[in-house]
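Going in written order, the chains are labelled A, B, C and D, and every chain counts its residues from 1.
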Amino acid sequence: MNAHPNQPAAALAANNTATHALAQRYVRIRAQSLHLAAPLSAEDCQAQSMPDASPVKWHLAHVTWFFETFVLAAFEPLNAPPYKPFNPAYKVLFNSYYNAVGDKHPRPQRGLLTRPSLQAVLEWREAVDAQMLALLASQQGEQAVRLVELGLQHEQQHQELMLTDIKHLLSCNSLRPVYRKAWPLAQVAPIALGWLAFEGGLVEIGRGANEMAGASVADFCFDNETPRHAHYLRPYALANRLTTHGEWLAFMQDGGYCDSRWWLSEGWDWVRAQEISAPLYWSPSQPHGDESDGTTGSGWRSFTLHGEVPIDPHTPITHISYFEADAFARWKAANFADCKGARLPTEFEWEAAVAPRQPLLHARANFVESAALHPMPVARTTGEVAGTASTRPDNGLLQTFGDVWEWTSSPYQPYPGYQPWTGAVGEYDGKFMVNQYVLKGGSCASPAEHVRASYRNFFPTHARWQFSGLRLARDR
Amino acid sequence: MNAHPNQPAAALAANNTATHALAQRYVRIRAQSLHLAAPLSAEDCQAQSMPDASPVKWHLAHVTWFFETFVLAAFEPLNAPPYKPFNPAYKVLFNSYYNAVGDKHPRPQRGLLTRPSLQAVLEWREAVDAQMLALLASQQGEQAVRLVELGLQHEQQHQELMLTDIKHLLSCNSLRPVYRKAWPLAQVAPIALGWLAFEGGLVEIGRGANEMAGASVADFCFDNETPRHAHYLRPYALANRLTTHGEWLAFMQDGGYCDSRWWLSEGWDWVRAQEISAPLYWSPSQPHGDESDGTTGSGWRSFTLHGEVPIDPHTPITHISYFEADAFARWKAANFADCKGARLPTEFEWEAAVAPRQPLLHARANFVESAALHPMPVARTTGEVAGTASTRPDNGLLQTFGDVWEWTSSPYQPYPGYQPWTGAVGEYDGKFMVNQYVLKGGSCASPAEHVRASYRNFFPTHARWQFSGLRLARDR
Amino acid sequence: MNAHPNQPAAALAANNTATHALAQRYVRIRAQSLHLAAPLSAEDCQAQSMPDASPVKWHLAHVTWFFETFVLAAFEPLNAPPYKPFNPAYKVLFNSYYNAVGDKHPRPQRGLLTRPSLQAVLEWREAVDAQMLALLASQQGEQAVRLVELGLQHEQQHQELMLTDIKHLLSCNSLRPVYRKAWPLAQVAPIALGWLAFEGGLVEIGRGANEMAGASVADFCFDNETPRHAHYLRPYALANRLTTHGEWLAFMQDGGYCDSRWWLSEGWDWVRAQEISAPLYWSPSQPHGDESDGTTGSGWRSFTLHGEVPIDPHTPITHISYFEADAFARWKAANFADCKGARLPTEFEWEAAVAPRQPLLHARANFVESAALHPMPVARTTGEVAGTASTRPDNGLLQTFGDVWEWTSSPYQPYPGYQPWTGAVGEYDGKFMVNQYVLKGGSCASPAEHVRASYRNFFPTHARWQFSGLRLARDR
Amino acid sequence: MNAHPNQPAAALAANNTATHALAQRYVRIRAQSLHLAAPLSAEDCQAQSMPDASPVKWHLAHVTWFFETFVLAAFEPLNAPPYKPFNPAYKVLFNSYYNAVGDKHPRPQRGLLTRPSLQAVLEWREAVDAQMLALLASQQGEQAVRLVELGLQHEQQHQELMLTDIKHLLSCNSLRPVYRKAWPLAQVAPIALGWLAFEGGLVEIGRGANEMAGASVADFCFDNETPRHAHYLRPYALANRLTTHGEWLAFMQDGGYCDSRWWLSEGWDWVRAQEISAPLYWSPSQPHGDESDGTTGSGWRSFTLHGEVPIDPHTPITHISYFEADAFARWKAANFADCKGARLPTEFEWEAAVAPRQPLLHARANFVESAALHPMPVARTTGEVAGTASTRPDNGLLQTFGDVWEWTSSPYQPYPGYQPWTGAVGEYDGKFMVNQYVLKGGSCASPAEHVRASYRNFFPTHARWQFSGLRLARDR
């Protein structure tokens, strides 16, 4: 897997500009990882709160391992000696799951790696960055460029995990430590739930390429988004906005967690075995608390990256499992006349509605760059659905990008004709295509440029530590 | 949920004939359950070998509970007193999972119910049968007839489970007890693997009704088969026959169970945690064994309902999990030029190919009525694919029905527009639609009249104790 | 391990009488096992309710395996062909834990052995009995006689387990099946708790022999009772009677199961992890129940071999763990002036007090022969402690033998100088001498002639399914 | 629990000197904790490698919590304001198991407490130290002095745990990090195993006091060492030295871990379930290694606080469980003529032999002060047993103190007449007296002044991460 030495000069010149842009992008994204870790001590970066999560230090190291393994060890800069691994032992310590690359440190024990220190990992990052920039400056071929872009996309995925994993870790400490102090959010007037109609029919889903696309971020997609293919949809409707904390409270107050009617059988077993009675990070306010304790009368508080805060009824619900999202939809369908037939959307319904309006919807989303680090209620002025919603450019759709990942009812399966990438990066997506569900749209912890309408995130049905929420759908 | 007393006379007359046929069918299917239990002692019927399986006695009781709960307790015969439960405690003991009906005995402890005795359960069956026949003779309305038909379909499902559960139980006994002595099967000449092409396009999938269909077995379908809907398929090909024991041995001998490349990530974890190295029920022949030990040189034997037998290379592989089926397809695709792109079919591909040819394919299948109780190699004379396969009425398809349930790559999800039945029977199918996969075609343990092209069986990805196998597919 | 052929004639003659008595004893004890199984169906005898318990059929087979393995396979009758195993496979199926004898069927799966049938096991018993009686009639040497006696003692141990294991199994069935209908017990007047003083000093503990003693039951003891040795005791007192259900209710009503002060650390973890709030087999009476429901106002009922019955306050408490017994003593010591310093006795204190008065105390005990199969309140007429207790032959001690096994505070350790038996029977006792505690005195399920003052029963600290209770002790 | 203000002046003067000495001792012992943590980074101090172990930071905080809770919160300095907790939340975070003091942070999640930081904990230590010294300078009464001494003894216990816990943590890192680089130890000539005879008889065991003894370290003992009481011993012999790595290799090479004969039943289950085949921290040398890899031909290496080193045959064996120690003794007894009857000593045999010679034996021990942090082979010149061993002051006993804790065959039970301390410190010892075994003599990680002949350490039978080894005993 080496660079192609015989590219024509014209291509190289074009490449020159492209790789220069890529180098700038490389610098910016790598710096963002450090920016996210900045509020944390070396001790904060050390601990692992559960097997699903990883220490921040491990994330910082693993994304570096990715560049070292898949780029530096595979491509040589012109007029320079071949890359020598910073520390050969890191190859095992910071491999996540790539069996083709060799052994790996046991996942549940990542929090035991007190050596290398955070400082040593940062030095490793610097050494790899220097080498990467030298490589990018040396006119690499298309395959190298593609792997660099993949490495950056990969690092952005881990940037989101750094936030969700540190949130889970801090929540385990009864001191209720704060990642970044930036509360309270402004209160806004509620927006009523509305239904937006879509025609369905034979729609095109996914992206065209089936190899890693060109060097620019606009061209990039993961292999699991390919190939573009036809899918037949019946007419359907989507809710104009996300489901809120207030709607969730109503579900709870109606005994939603205690009524087997709303739950999938496996979900019901999960609720009882884990004694689930509220979304993750919720805790009842102290019994001696009065209204002034900030629970706004709901009796519940929620742990956020800004500390523990009262429940805001108009904020999108988050940190729920697939089981909970599905149960909520069934409860809504059975109890509200205007929600008859409510259910989760399929990933295809979501993409078919959002993709044509992507630039507009994407531009106003609450991504990580807003620094809210929490889903936000939609402001009436910017978001209300007018009577002529269908004639508006956004068709009335609110909160499709950012805020929370939206659970769909679609199992995470390969698209028809799917081919994984070749080589070790072929382990990136395909081998997880079983017993998980697709989530769409990104969250308040996602980098804006990382998310697009065709993006397929995926988690098991019980996972709750991501910023996951839901939007209702129904047949027309 | 009571009978409709005001049906017009004509409908009643038609109904009369139909219910007479239904009564005959009731008697026949109920007798078949006893026929399947006949080779077993009361002790055999008592034990439960794992939580997924149930004791035969429990099966015999539970299917009776179904009639008592959903029919006898809901509909009254004309000119007769209302039904009085045989034993009120049975309502809890023999409920499987219907939360709407009340409490249930813990599933993993079904083997501890030494009382009621098998004899008492058989007496209960007789009492319920008498009452059921009285009810059927009293001109019931359509809803009652539908529930009786559902009860019979339900009993047929449990007939298959009785066989697979007792097989698992007997396999735990080092005495290697035999359910029924009927081996050896005749050896046959092998049939080569061939590919049959299908056009795809927008196909119709499923059945039309969205309530329990009419009284006749031909009209019946489960709610999970509805509604009939359009699905878009790319051109594809199916293997002409099932994958065989011999092909599986080649996979094993090539280190298939030790090579992470072929496995989904969750499957690889399962293989290592459970130390899986062969299909369920396989055991290596004794080291001191010579060729005459009946292993036909493979070194492996397999436990069947007829005892432990040597592996026959031309017999369809069975007792494999979804993980194994999927891994085999990947291995095949990577190692055989004529299998490039091999994968599991979707349930839609399978149904679209089989449904148009159902009568012919169904008629020659190895169902439970053949008494083989094991998948059978296809005979060259009846099954070989001639050069003009596509012009033959069966299109060259072999072994689509019976023998083994075929794993598809389709997660078990509701069809677009799916509505569960109303009432407690609404818990029949819908609430299991998560983290399971669809299997098609029935097995050597299925009653012939129970299986059709639209039938959707489903099991979790690790399940192996059913007669489950695979047929390869690929894109054209 | 063969018989000694050269015994002098005189010894043989004495032996003749002894072996004749042994043969009679053999017949009687073997018949008792069948008598205990008589109320049970083949299905009852099949099931295993937890790994600690075994099916009755397995017990009946295992004790037979013991004779076949350790006697018939080792000693030959004169003028007869060597023994041929009834079924060679039984050697593995019915071995319990003797590693020296070979493989064994997994303990948690004993309930899956539906073959051999109960009928086949009974036929095996008959065949072994015939062979055993032939052997006993053929003038065997001392070693054979010793092993026969051991086999009978072993069978008596399993007779008690048959009762405790079937009780546990029946308790898992919400039908509340009855083993034998023989309730209610007569109500008696209570006897006050009193303290009996003992001097302590250097006492002799245990039995003299360190090989299996002679053929007579009076001479027999297990290796764990040997050797007789000196042990130094400080002056102490024992409660005159067992702790009762009524006293236990007071402990519960005072929040005993919710107060960490009374519990060993490991016991407190056990209480919380297992959510223990009452002795085993207790259940609260139905909320709609009135006083006439037979709970005698306590609000609790208990499952017995005679069905579910109300709690009787004067009956000895039973089915408690070591943790519970120990916690009760600490609670008693802290809350009752007349129980200051209360604790569990050591096994040495118990034996030193009881051994000198064994014939009298043993004669009036409630063993299995009484058919009560439940601990019994002591009758005032036979049991009251008069003012001159210390001058009475029994010293005022009540309920020392029978009723319930009494937890002592003594870990089950080898006596100083302990030597296990030689050969495979050396695995009988010694290898369990860790992390268990000694219980003394036998229970209502023990055969009378099986129990003596030096007898050491032992169970782990969490075990509750035996008839286990307690008697308080304290320093003087 | 407040100080006694009315002590006579003379007592106060004596107390003055004593408390001055205690203050010096306080400063010294508190400093030693920091000295032990010095080689570690904040990240090293953060992680918890298993529930049995704790992070070093947690240890440093918990011992401080002890002084704050039991001393500062209970006693007031003269002429000073009452103590105000440094941070009230620490009361829960750093409570270990004292239920009487209130809630506690879950033990397995101590590694998740990234806040407070190590720096904050060190500041807390300084604040508490200042307050403690003020209190000690203010003429406190006896009860305060006793609790200060207890706090120091408690801190010394945690100093040992800091070393064993950090060793376990570092061993989980494939980088094999080093705590302190100080290897290799000098090779010494072996000393032959010899037997030293003791008379037994009625011996006195334990310490006299049953409340916390006076302020001086010489007077201190834990409540579990009391009261002094008589115990009867038969004549016995002890091995002159500890069992070595070389002897353990012989056990392994003879298949010791694969032979059920040597193992207690529960130990054998443990060996197989955990797949134990060597002491903790042993790893086989790489297959491509030659003799120069430092394994000295044994084929094994061991992880130490100085890194991974070759096995030295004359070094005392360590990091073994009770099960392993017991199995080794049985194997030795069965296979070596000079070890017939070998077994583990009782705690009483050990103490009776060592206590009379304590000053001499204690003086030459390898405690933590030697900085070896590993058991050491005994040098022939200082240690060999001459022919007239019994006339020597040490009776020939070697390595009784320091090096490794010696497993005894004595379950950890209360001595006759034992009374726990009153108040919350009564939870210190007594509630752990079940299912653990006593170890004697201290280890290379114990502070010298912390250990005495009557000291009773205790761990469960499977624990291996302490410096635990064994000395053989036998009957004479």
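Here is the rule we use: a contact is a pair of C-beta atoms (placed from the backbone, for glycine too) under 8 Å apart; a residue touches a chain by one contact, two chains touch by 3 or more.
Since we're looking at a predicted model, the values are computed, not measured.
**Student:** Between chain C and chain D, which partner chains are common?
**Tutor:** none
**Student:** What is the distance in Å between the mean C-alpha positions of chain B and chain D?
**Tutor:** Using C-alpha averages as centres, the distance is 61 Å.
**Student:** Let me have the rounded angstrom distance from the C-alpha centre of chain A over to the C-alpha centre of chain D, please.
**Tutor:** Roughly 49 Å separates the two chain centres.
**Student:** With centres defined as the mean C-alpha position, give me the chain A-chain B separation in Å.
**Tutor:** 39
**Student:** Would you give the residues of chain D that are in contact with at least 2 other chains, written as numbers and ranges?
**Tutor:** none
**Student:** So, with touch as defined above, which chain pairs make the list?
**Tutor:** A-B, A-D, B-C, C-D
**Student:** Which stretch or stretches of chain D touch chain C in the complex?
**Tutor:** 97, 99-100, 202, 229-234, 260-261, 263-268, 322-323, 326, 409-411, 413-414, 416-417, 431-435, 461, 475
**Student:** Quick one: in the complex, what on chain B touches chain C?
**Tutor:** 41-47, 49, 57, 89, 92-93, 105, 109, 111-118, 169-170, 172-175, 177
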